[in-house]
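Both of the next two complexes hold chain A, though its partner changes from chain B to chain C.
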Partner chain A sequence: MSSERQMVPRIGVDQWVATAEERRLRTLGVRLDEAVARVPFALRLLGIALPVALYPVLVDSEYLLQVGIDTLVFVLLGLGLNVAVGWVGLLDLGYVAFFGLGAYLYAAVASEYAGRHWDALVAVPAVVAAVAVIGFLLGLPSRRLAGDYLAIVTLFFLQIFLVVLINSGFTRGPNGISNVLPLEVLGRQAVSLEAYFYITLAACVVVATALYLVNHSRTGRAWRALREDELAAELMTMPTNRLKLLGFAFGAGVAGLAGALYAPQQGAVFPANFDLVLLITVYAMVVLGGAGNLFGVAVGAVIVTGSLEALRSPADASWLFYGALTVTLLAVLRPWWKAPALLAATVVFGLAVHEAVEAARPSLVAGTPVGQAWIDGLVDGWVLLPENIVTGDGLPSGALGRLAYLALVASVLALTLVRSSRWRLVGLVPVLYLAASVWESLLLPQPAVARYILIGAMLVALMAFRPQGLFGRPRVEIV
Partner chain B sequence: MERPGANGGVGERRPLLEVRSLSLSFGGLACLSDLDLEVYEGEIVSVIGPNGAGKTSLFNVISGVYRPDAGDILFRGESIVGLDPHEVARRGICRTFQTLRLFLNMSVKENVMAAAYGHTKAGVLRSVLRTPGMRREEREIERLAEERLGFFGQRLIGYRMRQPAYSLSYANRRRLEIARATAAKPTLLLLDEPAAGMNPVETQEMTELIGRLRGEGGYTILVIEHDMHVVEGISDRVVALDHGVKIAEGSFEEVATHPAVVEAYLGTTGVERT
Partner chain C sequence: MDWDKLVQLLVNGVTLGSVYALVALGFSMVYGILKLLNLAHGDVLMVGAFIGWGALGWLGGAQDPRVAVWLLILLMVLAAMAGCGLLGVAIERFAYRPLRRAPRIAPLISALGVSFFLQNSVLLLFGSEFRSYETFDLVDVEIGIHWGPLNVWVIRIVVVAAALAMMVALWLLVTRTKLGKAMRATAFDREAAAMMGIDVDRVIVTTFFIGSALAGAAGVLVGLIFGQINHFMGFGYGLKGFIAAVVGGIGSMPGAMLGGLFIGVVEALSIGYIEDVTFGRLGSAFSDLVVFSILVLFMLLRPQGFLGRPEVKKV
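== the complex of A and B ==
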C-alpha cells in the first residue's frame, strides 16, 4: 500500500512554491510594510511624537492649542477603547463612563468643592487604579456575556452612571463640579495650555508604549487569540474569562487617565461631557483609524476631532465637505477617469439647472452663501440657493428645507436600487448637485447638526470601500 | 523535542487517561452512554465509528468543553471532570479540531506562541517593564514556536511564519493546528480527524507524522480518524463507537473484522445480501 503511494509525484513542491518568497517581495506594498516593520517601535513613536511636540510652538492661538489638547485626550480615549474593541473584541458601550469616572474622581481629590488638593503624582495614579478596579468589578458579572449582551449591559451601565451624576446632590447634579484644581506636582501647578498639551502628549506616549509592549507579550497574544476564537483559546490553555476582565480593566484604566487629565485642564466636570455623543465619537475614531492598530487609532482621533472642529466654522466647513466628496469619489470610482468625468458632468449639469431655474423662479437662486470660504463664493452661481429657505417661495414655513432634505435622502436611496452601474453613475450627477445645494442652503447655516451628519457620511463612505478602517488589517474569516 | 514523561508506556500499566462509565446527553438524546476507555502512556489509540457515533463529543468531554452527566475522567489518577477547559489543557491534555479553529488573523508563528500561555508566567506589569526574565521567557516562547513549526519540515517555517494563518492551505492549517497543540506542552494529544480533507500523499505524510509525534515528541495520542489506512498505519489499539456505546476494542484487525463494527458501518442487510 505505502510503496505505491511513494510513487506519486509530490504535489505542491515545485518551482512556483519555491519562488513564493521572492515573488512576494516583488510587491511594493509588501516591501514598504516590511521596511516600516523593521524600524523599532521606539523610533516610530518618536518620529510621530516629536513633530507633534512642535505644535504649541507653531500655533499662536489659544483656540488651536485647546483643540490640540482635546485631540490628545481623544487619542488617549481611542487607545484605551482599542484594547477592549480592537484586541479583546468586546463591544464595550459603557466606555465613556470610565472617562467620566476618572474626571469626577479627580474632582473628588482636587477641587475647592471637595476641599482637597492632592499632588498629581498621587492623585492621577490613584484615579487610574480606582477606575481600573471599577472596570474590573463591572466586568465580573458581565464576563460570561458575549457580543450583543455585553453591549447592552455596558450601555446600561453608562446610562446609570449618567442618571446618578445628574440626580445626586453629591456630584452637584447637572451643574457639575466647577472648581476643579489644576494638576500640581511637588508644589508647582500646571496652569498654561502648553503645560497641559505636553502632559497629555507624554501620557499618550507612555500609554501607547505600554499598550504596544503588552500587545507583544503573552497577554496581548492571548487577547487577540480569544478575539479570533474564544473556545480554541480556552482549549489552548488561555483563561479567557480572566483575560477578558483584564482587557476590560486595562481599557477602563486608560479612560480613567484621560479623565484625570481632562478635568483639571477644563477646570470643571459636567455630566453632559460624558454622554452618548462622546461614546459614538470615540467609536468613530477607532473604526475610522482601524481597530487593532495603535497608530491607526491615533490618526482616527486626529481626523475626527480635526473635522469636527473644522466643521464648527463656516469658513473651513465647505472645504471639508467638497474635499471629502472629491476624495471619496476618486477613491471609490474605478477606472480613475470616471471620477473627474463625473465631477465635470455635475458642474455642467448644475450650471444648466441654475440657468433654467434663474429664468423661471429667480427667488430660488437669489440667496447669498453663509460659508465664507472661497469655494462658497465660487459655487454661488452654481447651486440652488433660495433667498430664504425657511419661508421660501410661497410654501408653508420650513417646507422647502424639509422637501430638499427628503428629496436628497430619497434620491440616495433610489440610487442604491439602480442595478446597472452605468445608470447609477449617471444618476449620481443630480444627486451630487442636490447634495451640494442642501449643503449650502441647509447644513452650512446649522453647523451643529451638519458636523455629525457629515462625520456619519464619511464613515459610511469609508466602510463601503475600506471596512477595516484606514490602517486596520482586513480581517479574514473563512472556514 | 523533549519527551514529557514518556517512559515507553507498555511496561507501566497505569493508564494515563481513564474514562469511567461516562454518559452525556443533550435534552434526552444520549450522546455517550456508560463509556469506558483507557489510554496508557506512550500509546496511540484510534477512535473510529460512523458519523454521529459520539467521537467528537468524547473529545469535548475529555477536554472540558462539555460536563458529563455521569461518570468520571481520571488523568494521571486525578479527576478532571468539572475543570475549566484551560485547566484541563494546563494539566497536559491538548487537542486539535475536526473543523479547524485557528486564530486566522494572527500570524502562523503567533498562533503557536499563543498556546504557550499555560506554561509561561510573565504578567502585564513585567511585560510593560520588559524585565530580563520576561524577555528570556519571550525568547523561549519564540524558540519553542520555531521548533514546533520546524517539526513539519519546510512547510511552516521561513517567511510563512510571519504570514497570517488564513493564508495557509488546508493541509498546512491542519499541520499548524497540531503544532499549536504541541506548543502547550501536553502529555496527551487529542487529534480530531487529522487527515480529513487531505489528498493521498498528504494523508500518507500525516500517518508518518503521527508516528513521529509519539517517537520524537513523546506524546501519548488519542486520535479520531475515518481513513482506515491511517488507522491501520498508526494504531496500537482501536476503539469503535456507535451511538455513544463502545462496540469493539482491540487491535486494528480485531476491530475491523468485528461483526458489530461491520454492522455499524454497513448495516445488517448489507451483510446478509451476499
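== the complex of A and C ==
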C-alpha cells in the first residue's frame, strides 16, 4: 500500500467496492460470459471438443498434427497448474517436476530399458496416483507456512529433480530413456499420431469435467474462499492446511497424467524436457488465459503454444510481431482513428529517419533483412538495419546493438510513466520505430531467444495492466 | 582424517558462504519490508557479474590491465553495484510497485517474468557460452596465505573481506542512521510508519537499491572466485540465497549472514565428503540434495530459522 494512496481520503471506496459486481455486469463481455454460463457445462465442453476433434481430419501434415498434440498436452498442464495457482492461490514452482515425474514413472513401467510394458489401464492410473502422493508429501513440510515458502521449496524441488535425473545412473543421465513403449490398451497399441491426438483430447475432456465438478463442489468453494482470505476461511472452520495440500496434490496428479501421455507419444524422455523454461511457459499460459477460468486457461495454452511455434521461423515471426502490434494498438487506442494515425506517423517518421541516416552514415542502413516474408521487402527501405550488427551465430557484434536494445527497454518503460495521453501517443512514434529496428536487426536473427524475452515481458505487463488475463474475473482486494 | 582436505573445504565453504550471505541479505531486506519474495534477485546477481566483466574488458582486460589490480577490482565491484542498484530500482518501479495492492501471488508471477526477461536478454546480447574473468591472469594463484595445511588464495581473502565490509557497512546503516531507522520502522509496520511521516516509497526504493547493489557485488565476487559466468548462473545463487535467508531467519540481517555462511559451509563439506559417505554411489553434484534436506528439516522443526521471530498473524 503506497503512502501516496493513504494521503487521499478514501471516501466512497466502500461503496465503490460494494457496487463492483453491479458495474461488472454492465459490460458487454461479461454479459456474453453470463449468457454462455447459462448453457450446461456438458454442452459447452462438447461445443469446444467436437470442432477440435476435427483437427486431425483437416490438417494433412505430420508437423501440424504434432503441434496439435503438444498443444493439448500444454492444455492439460495448464488445467493442472490452474488448480494450484488459480483456485487455491499457491505458487507452485516445481510444477514441471511433476510432469517430468509422470513421464519418467511411465518410462519405468513401460520401456525396453525397464524391461516391462504395463497395460495403459494400469500404468496411467498408477503413475497419476504416485505423482499425486509425491506432490502431497512435498507439500507437507511447507504446510504451516505462507505461500512464499512453498515457492522456495517447490523451486528447489525442481532443481533437485533435474540434478538427480542428470547425474544418476539409473535414469541414464542427460541421454534420457529413449525407448519408451507406446500406450497399450488390452493388447492394442496406440502408434499413430491421430491416436495420440484423440487420447490426449479425451484426457483433456475428462480432466476439465473433473475439475469443473470439483470446482463447483464444497471443496472448490473452500479453495476459493482460502485464496481470497485464508484467515477468514480458517475462522469459518475450514481445514486450510488440508485444503492446500489437496489442491497441491490435485495439480500434481494432473501434471503426472500429462507426463504419462507425453512420454509414450514422444517415445523418449530427457531431463531437458522439464526445465525452468517449460515452467515459465506454462505459467504464461495460465496467466494469459486468466487464472481460475478453465476455458481461459485452454485458450491461453493454445495462444502461447501457437505463438512459440510461429516464432521458430523468422518469416512467421515477422507476421506475428507486426500483426500483434497492430491489433493491440487498434484494440487499446480510442477513438478509432488514433491507431491508424499513429501507424501512419510511424511510417512517415521512419522514412524520414531512414533517408537522413542513409545520407549521413550509409553503413547504418546497409544490412539485409533475415526474414523471407514479403514484409521484409517493405521494411528494407524503412528500418535502421546496420550491416554486420549481428555475427554468424546471431549475436550482436558491437556495442551498437546492445545499446539499441537497452534503449528500447528503457524507452518503453519510460513511456509507461508519461501521464498525458497526448504526449504518450507522440512518444510512441519513435519507440515503435526503435522497436521495429531492434526487432529486425537483433531479435529476428535469434527467434528462439526473442520468444522467451517476449514471454517474460508479457508476464510482467499482464500482471501490471490486466492481472486477470483474457478471460479471468478481475478481483477487488480489500485491505 | 585428512586435515588438509577439511581445512580446504572449510575455506571454500566460507568464501561461498559469504557470497550467499550477500545475496541473502538483499533478499531478506526486501522481504522484511514488502513481504515479497524477489525471485529475480539471482538474475540481478548475474547482470552484476556481466557488468563487472564489461568493466574488466573496458579497463584493458586481465592480461593487460590499465590500472592497478586492486583498483581494477574495486572499480569492477563499484560499477556492478551502481548498475545493479539502478536495475533493482527499475524492477521495483515497473514490476512490483503497480502490484502493491494486488493479491499476493501477482508480484511473484511478475518476478518470474522479470527473471526470465533478464536471463534471455543477456542470452540475446552475449550468447550462451561462458565468459571468463581470467582471474588467474589477474592475480597469481600462489599469492596468498600458506600456513601449515592452510592455503588461501588472496582472491578468496579479498572476497570474504569485501563481503564482510559490506555487511558491516549495512549493519551500521541500518542501526545508526535515520534512514536505517526508517527502514526498520517500515519493516515493522508499513502503515504506521507512513502515518509517522516516513516516506515509505522512498524507503522501499532505497532498500531495493541497496539489496540489488549487494547482489551485483556478489556477482562480481562470484566471477572472481570461479572465473566463469553465463546467463543462467543467477538461478543457482538466487536459490541458495533464498535458502540461506530462510535458514537464517527471514527478515533478520544477522540471520541472513549466519544462514549464508552455514549453507556455504554445508555445501562445500557435502561436495567434499558425499562420495566417501555414500561409498561412491552419489557424486558431488548431489550436494544440492543435502542442502534441500536441510531446508526441509528447518521447515519442519524451526520454520522461523536461526534468528527469525515466529510469525504471528495479525487481523
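The rule is simple: the second predicted complex is superposed on the first by the 420 of 479 C-alpha atoms of A that agree within 3 Å, B and C clash if a C-alpha of one lies under 4 Å from a C-alpha of the other, contacts with A are read in each partner's own complex, and residues count from 1 in each chain.
The rule we apply is simple: contacts are C-beta pairs under 8 Å (C-beta built on N, C-alpha and C of every residue); 3 or more make two chains touch, one makes a residue touch a chain.
The model shown is predicted, which means the values in this text are computed figures rather than measured ones.
In the superposed model, A:A407 makes contact with neither chain B nor chain C. Of the two partner chains placed by the overlay, only chain C lies in contact with A:L276; chain B stays clear of it. Of the two partner chains, chain C is the only one that A:A450 touches; chain B does not reach it. In the superposition on chain A, contact of A:R473 is made with chain B only, not with chain C.
In the superposition on chain A, contact is made by A:V214 with chain B only, not with chain C.
When the two complexes are overlaid, the chain among chain B and chain C that reaches more residues of chain A is C. When the two structures are aligned on the shared chain, A:V153 is found in touch with chain C, with no touch to chain B. Residue contacts after overlaying the shared chain place A:V287 against chain C, while chain B stays out of touching range.
Of the two partner chains, chain B is the only one that A:T237 touches; chain C does not reach it. Note: residues 1-2, 5-6, 231, 475, 477, 479 of chain A belong to the chain B contact set and to the chain C contact set alike, using the contact criterion stated above. Across the complex, chain C is touched by residues 1-6, 85, 89-91, 93, 141-142, 144-149, 151-153, 155-157, 159-160, 163-164, 166-167, 227, 231, 276, 280, 283, 287, 393, 395-396, 401-402, 405, 409, 413, 416, 442-443, 446, 449-450, 452-453, 455-460, 463-464, 467, 475, 477, 479 of chain A. The part of chain C that touches chain A in the complex is made up of residues 31, 35, 37, 39, 90, 94-95, 97-110, 112-121, 123-127, 190-191, 194-195, 198-201, 235-236, 239, 242-243, 246, 283, 285-286, 288-289, 291-292, 295-296, 299-300, 303, 311, 313, 315. On the side of chain A, the complex with chain B involves touching residues 1-2, 5-6, 8, 10-12, 20-21, 24, 210, 213-214, 216-222, 224-225, 228-229, 231-240, 246, 250, 473, 475-479.
In the complex of the two chains, the chain B residues touching chain A come out as 63-65, 84-86, 89-90, 94-95, 97, 99-106, 110-111, 113-120, 122-124, 127-128, 130, 134, 137-138, 141, 158-159, 164, 166, 169, 180-181, 184, 199-202, 204, 229, 233.
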